[in-house]
Each structure stands twice: as C-alpha cells, then as structure tokens.
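Both complexes below contain subunit A, partnered by subunit B and then by subunit C.
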Partner chain A sequence: MRRFLDRYWYAYAMVLPVVLVTGVLVLIPLAQGVFFTFTDINEGNIANPVLDRPATFSGVGLVNYLHVLSGDPAYGSFWSTLARTLVWTFGCVLAHFTIGLGLAVLLNRRVRGRAVYRALLILPWAVPSFISAFAWKYMFNAQYGVINQALRVVGLPDPVWLGQSDWALVAVMLVNVWLGVPFMMVALLGGLQAIPADLYEAAEVDGASPWQRFRDITLPGLRAVSGTVVLLGVIWTFNMFAVIYLVTGANPNTRILVTYAFERFFSGASRDYAIASTYGVLILSVLLVFVAGYRRALRGQEAA
Partner chain B sequence: MAEVAYDKASRIFSGNPPVRAVDELSLDVADGEFLVLVGPSGSGKSTALRMLAGLEDVDEGAIKIGGKDVTNVPPKGRDIAMVFQSYALYPHMTVAENMGFALKLRGVAKGEIKAKVAEAAKMLDLTKYLDRKPKALSGGQRQRVAMGRAIVREPAVFLMDEPLSNLDAKLRVETRANIAALQQRLGTTTIYVTHDQVEAMTMGHRVAVLKDGLLQQCDTPRALYDKPGNAFVAGFMGSPAMNLKTVPLTAEGAKLDGLVVPLERRALDRAGADGLSEVTFGVRPESLALVGSSSVGMEMVVELVEELGADALVHGAVRIGGAAERFVVRVDGRTPPGLGQTVKVAVRDAGEVHLFHPESGVRLSS
Partner chain C sequence: MAARRSRLASVGLHAALVGASVIAVFPVFWVLVTSFKPDARAVETTPRLLNESSLDNYARVLAGEKGDFLAWFGNSVLIALGTTALAVFLSATAGYAASRFRFPGRRPLLLSFLLVQMFPFAVLIVPLYNVLLALGLQGTGFGLVLVYCTTAVPFCAFMLKGYFDTIPADIDEAGRVDGLSPFGVFWRLVLPLARPGLAVTAFYAFLTAWGEVAFASAFLSAADGSKTLAVGLQVFVQQNRTEWGHLAAASVLVAVPAVAAFYPVQRYLVAGLPSGAVKG
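Right after this comes the complex of A and B.
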C-alpha cells in the first residue's frame, strides 16, 4: 500500500479535483433528490429563511412512488406519459438518424459546393434553440403561420397545430427533428469519411449494387459511430425539455416525463418537490435500464 | 478465361495542365498469360489496372476482355477479380464471409459457397482462420485472404495491384513463388502491377514497362533484359542498374578511358546517319570484368565494394572526357579488390554492349 501510494500519488492527486467536483455536482444533488422522493416536501413545508420558517416536511416512505406508478391522472398519468415519451424519443431519434444518414451520404460525395451545403445544414444547430423554437411556433400558427398558409394553397386540411390534440405532439417532434438532424449528420459524415474508399471498390468489383454496398459496407462501417450517437440521441431526446416547453408550454398532449416533472416543480398550487423528484428518479431508472440493454445488444452484435 | 486488350486507352485527369496518367496504351494479353506492369512511382500502373477493372474511366480508346468491348461496362459486368495493395478486406466479415461475398451477391447457394470457400482456403492454407476477422490475422494471412477472395470467384481475369508490397522481404519471395505457381495451376489471365523489377522479372510471362503513362516496351523478361528497347528500360530493369554513360563516338567504336569498345556495324551506321558524335553507352555490371594491369581497359578507382556473398559489386570512378563517371562491376565474391585500389576494367564481350540515342534514348544496337 505504501509503495503503491509512493508510486502513484501524483496520478491520484491529479484525479482528486475531478472526483471532488463530480461528487459535489452529481452525487450530492442526486442523493438529495433521491431523499426527497421519500418525503412529502413541497413549497409549504420546505425551510424558508425569508419567512424564518423551519422545515416541516416528513418522511412518507414509498407513498410517492405508489402514487406515481398507479398512473393516477392527479400524479401525471405516469404510464401514458411514459408511452408518449417513448413515442417522442424513438420517433425523433429514428427520424434524426435516417435523415442525418441520408444527408451525410449525399454530402459524402464529391458535389459542387459541398462546403456550402454542409454549413447550411449545420445552421439549425448554431441558432440558439429558443429562437428556433419561437420561429417554429410562429410558423405553426393556425391562422398566420406559413405552414398552414402553404397547406391551404395546395388544398390540404390545415390543423390547429399547437392546440389540444396530438397534432401538437407531431409539431414538436417536427421541430425537434429539425434541431437534431445536424448533429447526426455531422457525426455520421465523420463516420462515413473514415470508411476506406477501397472497400467500396472491392465491393464494386465483387459485384455489389449501390444498395448492397450501402448495406454491406456503409452500415457496418458506421456501426461504432451510430451506436454512440443513437445512444446519446435517445438520452438527450428522452430528457429534451426546452423544445417542448418553448413550443407548446404545459400542453398535456405534448407532456413527457421531464416536462411533467418540471410542471410539478415550478407550477401548480403547491410546488410539489417530492413528486417532481420521484419523476426524476424514475426517468433515471428508465434510462439506466435502456442503456444497459442497449450496450448488451451492441456487444452481442460485435461478437456475431 | 479470356484475353485482354488495351486499344489506345487513355486516362486523363483534369487539372492544369491535365495529367495523362495513361497515354494511348495499346497492349494485348493472351488468354492465360501472366503479364506484369512495371514502372517507377507515378508511371500510371495502378491507373491502367483500374481502367481494366472499371474503377477508372477510359477517356480515349477502348478496353476489351475476352473480345468483348467493356469500355463502358461497370466492374460488376467484367468478370474480373482484384487484389488491392491494401487488401481491402471487409473488416466486419470473417475470412469465410470475405471470400464468399461475391458469390453470395450472385445468389449462389449457401452449400456451394461453403464448398468453394473451403477449397480455396485449403489451397491457401487458410482453413484454420476461416472464422476469424481480418484484424486478427497477420499481414501474410491477410494477403492470402485477399487472394482467396479473388480465386473463389473463378473470374476471367485476375488483377493485382502491388499485392506483396506490405510483406517483409522473406515472405515476399515466398509469396511471389506461390502466386506464380497458383496462376500456373489455375491458368487464369493475370495482370500484375508492381514497382519492383525483380518481381516483374521473376513472375511475368511478359513484362510491360511504363513511364509517365507511356508504354516503353512489352516483352519477355529475358528479352527486356537482353535487348532493352530504350535507355529508360535498360536502366530500370536489372539490379544493380545498367551502367549508362554518354561517351564520344569514333570510327572504331565508343571511346571510354583507355578503352575503345568496338561496335557493331549496324549501330555505327545508324549513329552516323543521325550525325551523332556521342552515344549513350550501356553495359551491365556483369558484362564488365576486371583484367590484369597489362591488359587494355579503363582505369577505375575503387570507391565501394558491396559483398553479396556469391558476387561482389565494385563501385568506382572512371574518367571519361575529363569527368569522373561511376561504374559498377560485378566480380567474383571471393576475390574483390580493396578500397582505393586502381583496377583495370574491360568489357567481357562486345556483343553485350547496348547503345542508345543520347537524346531520344532509342536503342541503336540490334
């Protein structure tokens, strides 16, 4: 042990600040959040130094979890919200991936003005997301928005996009797809450029059609990159609060787990920190289960 | 099985000025022949091969395989298999899948693919590795997988682009022999690109020498060596390179220091017809010999002796027309001269002398 420290003290000294910062920034809030889920903490019973009021919340055991998992509408209809979250997440990531891949493949060829296209396609990423969100909100306006005007011109029905219907979910998904495609495109373009050109030539000589080359060279060659970006995409989208909140506010038709946790935390008669925290812990659990399953699936593929 | 023909085929890369990477190449390769394309780096060997594969456009002229014009046929329709310098093995497929890929695409039955892959693997000593991914193989094994992938196809023509350049020297010699033997056995027309003239000499039935996209000469290794068509081929083929010097011409022959090499009538006539007072004189190191100090010969100061075992290469300086010129002489390995010594060198046989035009490089001697 002595010798071990003698030898490696420098490495540990270097790592220590990171460990401390991580501990303070991640673990302590996490522990606090988990602790809240076993209490009835809300705005009325939390310690309030302004009113000189001590904390009066108390432990309630698993009651919060029981309430939430019962799917009671008073507690955010957990199961249907989860279902909507999954639709939202996988719908968005699927669209991100396919559109991003399509654009990356197009841009990976020698086309005139490739740099310009690339810059244009990265634009959604460079614009602050609240600006894009408001721009889209305006475009989705039922009466004056360009989208409905265009739909009317070609004679299609013009729905009230951001109203109390599933169109609102479609609308936020469209916005989020628009926002998320550039990242996928750039990441996949990097992956495409890392595939050696002679593999395509070998496949061509072996008699592969363009589609077969895509399936047998491009997709397998992108596996490492796409595994990572899809995982990141799922996590980000699952917790994508800003787009939904900025475009539709507290619309129950676009409610996903995080937006409900936020609603519970910041609005409503009594800000219910306990239920919000319970949602937070459940979100984390769902994602952990997903990541574990996903990594196992990827590893299985690798071995095959 | 098929013959291959380049008919004034050119590949021009756009640029300023445009690069004629392959310039009006005309070449006929017989069915079952092993033809080696050789030349220095950038001479257009790979481009010529890729044109035949259909990976590079043919900007002028035509290419025929088996008598059929394939100039505008995509690679898929040409019935060729190619071994790449990098091997280009599919990294996510096992050895067996790599080798069977082309057959799978063609819709060959699974059992048949397996049998063919097994047969090729046996031929190439790869049976043990069929389930491995390429990254778990050594360089030599990868090279064999690349060969196997070509063999399994049973194509009309094999194309190989420097397939041995990533192997170490010993393995290269071994694999060289294996490829030649395999080609002999399969009898498949093969076009083989290399920059290594030893490979070219040892493997090819015929060798085509390229320079700057232009075909210099195409003949059997022996003929290229004995009767190089121009000074470039003379200098390129053979190791160590032929001694090529510009020397004054007299009525009796070529004048080197203290030595007048008699020249054949025909060469002298041709030189005379062009009004030449100088010629490019070429003699291979083994056509020179050390002679006794009393004999007629050039005086050479020994600067370097490379001992190769059986032979030794003696590098030295000879004064020709006032300037020191370096010559290489191949001598018996047992009795090399010492450094700094002055030796006398003579031409073994006047018939082994090559004469070229000093400007165009065209061969003057017969």
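Right after this comes the complex of A and C.
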C-alpha cells in the first residue's frame, strides 16, 4: 500500500480535483436521477426546503418505463420521437462531416486569402449559440424573414418554416448544420495537415488521379480524427437542446428526446420530474449502446 | 500540390470558398443590420439594409430601459471568466496526469471523460439543484461556475491530454534530472509549451459559460440584477411579439466579446484540437 502511494500519489493528486468536482456534480445527481425514475416525483410532492415541506412522493416501480416505452402520445410518443431524434442526429452529423471535410480540403490547398476564408468560415463557432438561434429564428420568419423574401424573389415556394410541419425540422437542422460545420472543418483541417506531403508526391509520381489520392491517402489518413469527431458529434447532436428550444420552442414537429424531457420538466401543470428523468436514463442508454457499437466497429476496421 | 491549377479550377475553388463564407457570415451580418432599425421597421415585409437606422437601440439597451443590461453583462463576465480559470486548471492537471502517468484507474478516467458528455444535462437539473442547495451554492455565481465546469472539463481534459501527448516526454525527464518535482515539471516546463492547447481550452470553456441558457435560467434567482445575458435577453422575446431591433442590438453587444476572445485563439485551433483519442 505504502509503495503504491509512493509511486502514484502525484498522479492521483492531479486527478483528484476533476474526480471530486464531477463526482459531486455529475455522479450524485445522476444516481438521484435514476432513483427518480422509479418514483412519481413532481413539483407538487418533492421536498421543498423553502416552504419547509417534506417529500411525499412514493415508489412506483417500473411504471414510468412502461408508460414511456408503450409509445403513448401522453408520454411523448417515445418511438416516433426516437426515430425523429435519429433523423436529426445522423442528418446533422452527416452534413457536418461532409461539408466540414469539403471545406477543410479546400482550405488545405495553397489558395490566396486562405487566412481570411478561414477566419470567416469559423465565425459561426465564435458567436454564442443562443444569439445564432435568435438570428435564424428572425431570418426564418414566414412574413418578414429574409429567407422567404429571397425565395419569393427567385420565384420559389416560401413555406412557413417554423410552423406545425416538417419544415420546422428542416429549419432547425439547417441552423444546427450551420453551427456545427466550423468545428468539424477545423478538426479535419488539423488532421489533413498531419498527413505527410511526400505521400501525395509519391502518389502523383505513380500517376494516381486526384480522386484516387483522396480515397487512398486522405481518407485513411483522417481515420483517427474522424473517428473522434464523429463520435463527439453524434453525442453532442443527440443531446442538443438549445438550438431546437430557442428556434421553435415546444413544437411537436421538432421534438427530440432531450427537448421532450425538458418540456416535461418545465411546462405542464405539474412539472413531471419522474418522466423527465426516465427520458434521461433512456437517452443515456441509447447513447451507451451506440458508443459501444461504434468503438467495436472502429476496432474491427483497424484489425482488417 | 506541385502542379499548377488550371484557371477554371482556381475560379471554382474561390467560388466555393466565397459561397461558404457568405453563408457563414450572413446571419451575423443580418443581425448587425437589424440592430440599427427600430422594432417596427425590423418586421417590414420588404427587408432593406437601412431603414430609419440609428444607434437608438444600443442607447436604450445600454441605458437599461428593458432591464439592467450592464449588470447582466457583469454577471456573465464573472461567471465566464471563473469557468475558464477553473476549467483550464482542472482539465490541465487531469489531462497531464492521463498523458504522462500510467496509474491504476487511468483508462476508466479517460472513458469517463467520454461518458460524462453523454449525460443529458437538462435532466440532471433537479438533482443538481438539490446538490447545490446542500452545498449552500444554489443561486450563486460560483455554483453555476461549478456546473459549467462539469460540462466543459471532460471535453477539455480529453483535448489537452491529446495535446500533452504531442509534447515529447524527454522534456519531463530532463526536468526531473535537473531536480524538479513532478509538479515543477508540469508547471514550469510543460504548461508553457502547451500554450496553444491551453488557449483553445480556455476559449472553449469561456464560450460554454458565455452562451449557456438552460442552467442559468434554472439556477440563478429571478432578480433582474443576478441574471446572465443569456437569461436577460429573453425579455426582448415576448409572448406575442419580439422586439427584434432591441434584441439584435443586445445580441451584437453580447457577441462582440466572444468574437474578440475568439480571434486571437483561432490560429491555435488547428493544432490544439484532439487528434484521435477515442481508443483511450
């Protein structure tokens, strides 16, 4: 034991602050949140220290899970909301990745004004996202929004973007793509710059076409970076709450799992903490399954 | 890349970059344009660049007609700087330990950085509220700083671990030979070399706190003087109509510090982001 501490004490000392903070502020709340899913807790029966009122909620077993997983519309139509969440997540991440990769490849060339282009393209990342959400909400307005104005000028149909239709989902996805491309672009640009230039030169000498060079050098060279950023992108997008909430509010056409949990939390006659927490646990479970599968797939690819 | 590009390819390249840049910049530009218009002009169905434009919106927002904008601003600055300082400290120490030392629990630690990002924080609000209450931090800026750190630190530590990995361990050994303690090596040798990575981390943490809405609205008291910008700006979004001109002016005032903090850092971004560490 003594030798163990002698050897590792400084490592643990450096890790301790993080473990302490996340332990207290993530693990304890998480444990409590999981506990809530087995109760009927809501704003009316939770302990309220301000009013000096004790807790009166009681355990209900698996009832919350049964309600939610039945897909009952009164509990957020879990399965169709999950499907929409998947459309949202994979649509956004696919667009982030392909647009980000395209721009990174362009920026990685010797092109005049590269620094200016990069500074401009990165701008959506620098602006706080709640401001961007306001800006897009304004631009998407059906009457005075500049987007419909432009569409009318060119003679295209001008849908009511943020109304009760799937256009709302398209709109929030566009906003989120706009927000997320710079991160992908910058990360992939870093990856591109780490690929040794002589690989390309050798390929060119061998007469490889640009497409072959992209497929056989660029993509494999980016595998490690892509693996990380796609995984992070999926996790972040799956739980992206602010964009949807600020642009469309509680619109059932843009409802994803995390926004529904938040709706249960903050709206309705009684804030239903139990159902919100149940959604939270289900979100975490879906992500865990995804991450496990993803890492296994990556490892399989490396072995091949 | 040695081959000279044809003229056509060159035009195409610039056209693509210009097009993308316009899309990236336009929403911000449009907010700027709107911020000079009176609320009534901002909702006209034929948008124009200038329409009775003036600095009135800015004057009114700064004068605090709709709420104490300067107090919100001050709160946001304090909370964002506090988050930045604490998050950089926490993620640098943990990232360094994970990069240099092979200690039991290292792999679970790295995995937990990834796992913590999966927690839907919106759902932790009530339990978090209870924890903060028990610690006596509920309603305080410091409580919010701690909460923001739990969001920012896992990614930052992950990122910095990757950055420390690129600094040769020989440097550490040379420092040890010269008689520095493990902390001395970290503090005096490695941290100065890691400046680009630290800059990116600092920026990321700053932005996390500067633009966060959900926790700030749930945890800060409803008193106008204790709001942050993200919460305060909601006063311009009324039930039936939004005061777009005022909102735009306030938004510009909020975005300027973030953009100003961003551009000195952005040249480090490419080097500082994680380069493939999912394997953990």
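In the analysis below, the second predicted complex is superposed on the first by the 291 of 304 C-alpha atoms of A that agree within 3 Å, B and C clash if a C-alpha of one lies under 4 Å from a C-alpha of the other, contacts with A are read in each partner's own complex, and residues count from 1 in each chain.
The criterion applied here is as follows: contacts are C-beta pairs under 8 Å (C-beta built on N, C-alpha and C of every residue); 3 or more make two chains touch, one makes a residue touch a chain.
Everything quoted here is computed from the prediction, not taken from an experiment.
A.B. asks: Are subunit B and subunit C a fit on subunit A, or do they clash, once the structures share the same frame?
C.D. replies: fit
A.B. asks: Looking at the overlay, does A:156 come into contact with subunit B only (first), subunit C only (second), both, or neither?
C.D. replies: After superposing on A, A:156 lies clear of both subunit B and subunit C.
A.B. asks: A:83 in the overlay: touching subunit B, subunit C, both, or neither? Say first, second, both or neither.
C.D. replies: Once the two structures are laid over each other on A, A:83 reaches no partner at all.
A.B. asks: Which one hits more subunit A residues, subunit B or subunit C?
C.D. replies: Ranking subunit B and subunit C by residues of subunit A touched puts C first.
A.B. asks: Would you sort A:292 into first (subunit B), second (subunit C), both or neither based on which partner it touches?
C.D. replies: In the superposition, A:292 contacts neither subunit B nor subunit C.
A.B. asks: Does the superposition put A:94 against subunit B (first), subunit C (second), both, or neither?
C.D. replies: A:94 contacts neither subunit B nor subunit C.
A.B. asks: Taking the superposition on A as described, I'd like to know which of subunit B and subunit C A:193 touches: first, second, both or neither.
C.D. replies: Only subunit C; A:193 stays clear of subunit B.
A.B. asks: Touch check for A:202: first (subunit B), second (subunit C), both, or neither?
C.D. replies: A:202: touches subunit B, not subunit C.
A.B. asks: Tell me which partner A:217 touches in the superposition: subunit B (first), subunit C (second), both or neither.
C.D. replies: It touches subunit B, and subunit C stays clear.
A.B. asks: Mind working out whether A:66 is in touch with subunit B, subunit C, both or neither, as first, second, both or neither?
C.D. replies: Neither subunit B nor subunit C is touched by A:66.
A.B. asks: Please give the nearest C-alpha separation between subunit B and subunit C in the three-chain superposition, to the whole Å.
C.D. replies: So the smallest C-alpha to C-alpha spacing between these two chains is 6 Å.
A.B. asks: Find the residues of subunit A that appear in the contact set with subunit B and again in the contact set with subunit C.
C.D. replies: 201, 204, 223
A.B. asks: So in the complex, the part of subunit C that touches subunit A is made up of which residues?
C.D. replies: Subunit C reaches subunit A through residues 1-3, 13-14, 16-17, 20-21, 23-25, 27-28, 30-31, 34, 42-47, 89-91, 93-94, 96-98, 101, 103-106, 109, 112, 114-128, 130-131, 133, 135, 146-147, 149-150, 153-155, 157, 181-183, 186, 207, 210-214, 230, 233, 237, 242, 244, 247-248, 251, 254-255, 258-259, 262-263, 266, 269-271, 273-279.
A.B. asks: In the complex of these two chains, what residues of subunit A are touching subunit B?
C.D. replies: My answer: residues 196, 198-199, 201-209, 212, 216-217, 220-221, 223.
A.B. asks: How about subunit B: which of its residues touch subunit A in the complex?
C.D. replies: By the definition above, subunit B touches subunit A via 53-55, 74-76, 80-82, 84, 86, 88-92, 101-102, 105-106, 149, 153.
A.B. asks: Enumerate the contact residues on subunit A facing subunit C in the complex.
C.D. replies: Touch list, subunit A to subunit C: 8, 10-12, 14-15, 17-19, 21-22, 24-26, 28-33, 36, 46, 49, 99, 102-103, 106-107, 109-111, 117-132, 134-136, 138-139, 141, 143-144, 146, 149, 178, 181-182, 186-187, 189-191, 193-194, 197, 200-201, 204, 223-225, 227-229, 231-232, 235-236, 239, 241-242, 245-246, 257-258, 261-262, 265, 273, 276-277, 279-280, 283-284, 287-288, 291, 295, 298.
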